[in-house]
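Everything below concerns the one structure shown next.
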Amino acid sequence: MPYCTTSVIDLAALIDAVAGPECGGIATFVGTVRCGEDDGPVRHIEYSGYEEMIEAEFAGIAAEARARWPRTRTAARHRIGIVLLGEASIAVVVAAPHRAEALDACRFMIEEAKRRLPVWKKEVLQGGEAVWRDNTGRRVPSGGGPRDPD
Amino acid sequence: MPYCTTSVIDLAALIDAVAGPECGGIATFVGTVRCGEDDGPVRHIEYSGYEEMIEAEFAGIAAEARARWPRTRTAARHRIGIVLLGEASIAVVVAAPHRAEALDACRFMIEEAKRRLPVWKKEVLQGGEAVWRDNTGRRVPSGGGPRDPD
Amino acid sequence: MSILRIRCRLFARYAELLGRDEVTVELPAPAVVSDAVRRLRDVLPEGRLLPERPLVAVNQRHVLPGEPLADGDELALFPPLAGG
Amino acid sequence: MSILRIRCRLFARYAELLGRDEVTVELPAPAVVSDAVRRLRDVLPEGRLLPERPLVAVNQRHVLPGEPLADGDELALFPPLAGG
């Protein structure tokens, strides 16, 4: 099952994929495109990624989670392409017999996904201007601007 | 909005209730009725509770979460009555601008709910026999049996 | 000496064990939660099936056995919790 | 002396800055990732817009700049990640 999708992420389908009578708890995390007070007026976000490597990394992250919490079942998606305000860009779902395993593994997977998935986002502002935004919150104008820190 | 319900818990509706453009992450936990390998053959569970106090405790837990993580929005439900295998008995949903707040507050709320909500469950086994089950996993036959530890 | 009327409620297995879910007891003031529990164990048929130190709530708030009681309080006795 | 052919891929802002998303470089063996990055900075128009130590993956695996390269490897240069 591919981890990348260009469609709206269907959380209920991911939950159904991991739920089972042996599972007592399901933890999920959904990351959504936000436009908070400290942000400029974002129209939408364009996510791009190295898709084959996202598949490999997310599969590795899931395998590591299952190795560390052996009774967990996991599902995850990262959306690529245009994502509107309020829509989900990422979802991680973990089912387990007990809640601590589900919560711990869910957190592990979202933290590792943030750290490891080769994904980039370009914010398209209301006026049409586009800026690259990294996970530190730093904005870099599209098409030029200062070099990344060495 | 009442925290107790006798209906199937609608996770999507809880998520919709907390989602908003200022929120970048939504963490959820759903507890489901399980029938794992170490359990006997459970037909369903009957949850009962002191409903007015569940409302007060869950409202208090949510208020504590919002005091500790001020930018969170929370929703939660505990189901009372007959709950079938695989169905949700509890759901906690937390939206926040950043994922750490959402994940931390979600975990706080489910842990406090487990610790504080005046709820009891009676497992009804396939043969019709009923046993009370507490959160330590101990089973006590319905209608008699040993006293609780003092 | 004043008298405290305490409405005691039993839940789940305790209600099942004692065949009732409510009883009002009268206690001489001052009194704390454990005094009321002792009275319940003494006066109710099968009262000894209740533990000496059950989980308790007064007026819908979890409290410890030393919590003082006031006239008209509601005391709830809880078996081990099983929510979630 | 053998020659390593390394397929270098640029992503997101790096592809935008340099106007291309792929280039193959040849390096004398032995070579490590930072040798290939130095070569890219030297030979590509606007190559100096690439950082000296970008995030890198070899054959779809995150590696450090000292990672040895083998003939035919794919080297990917990543701007700061922004997934999630």
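Per-chain residue numbering starts at 1, and chain names A, B, C and D are given in the order in which the chains are listed.
Just so it is clear, contacts are C-beta pairs under 8 Å (C-beta built on N, C-alpha and C of every residue); 3 or more make two chains touch, one makes a residue touch a chain.
This is a predicted model, so every value here is computed, not measured.
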Chains still linked by touching once chain B is gone?
A, D | C
Quick check for the class: compute each chain's Cα centroid; which one is farthest from the centroid of chain A?
C
Interchain centroid distance [CA atoms averaged], chain A/chain C, Å:
50
Cα centre of chain B to Cα centre of chain C, whole Å, reads 25
Would you kindly tell me how far, in whole Å, the mean C-alpha position of chain D lies from that of chain C?
73
Going by residue number, chain A touches two or more other chains at 31, 99, 110, 114
Do you know which chain D residues sit against two or more other chains?
84
So the complete set of touching chain pairs is A-B, A-D, B-C
In the complex, chain B touches chain C at residues 31, 47-50, 52-54, 56, 78, 89-90, 110, 113-122, 132-136, 138, 140, 142-144, 147-150
In the complex, chain A residues that touch chain B
11-12, 15, 19-37, 85-86, 97, 99, 102-103, 106-107, 110, 114
Residue positions on chain D within touch of chain A in the complex are 9, 11-13, 16-17, 49-54, 57, 60-62, 76, 78-84
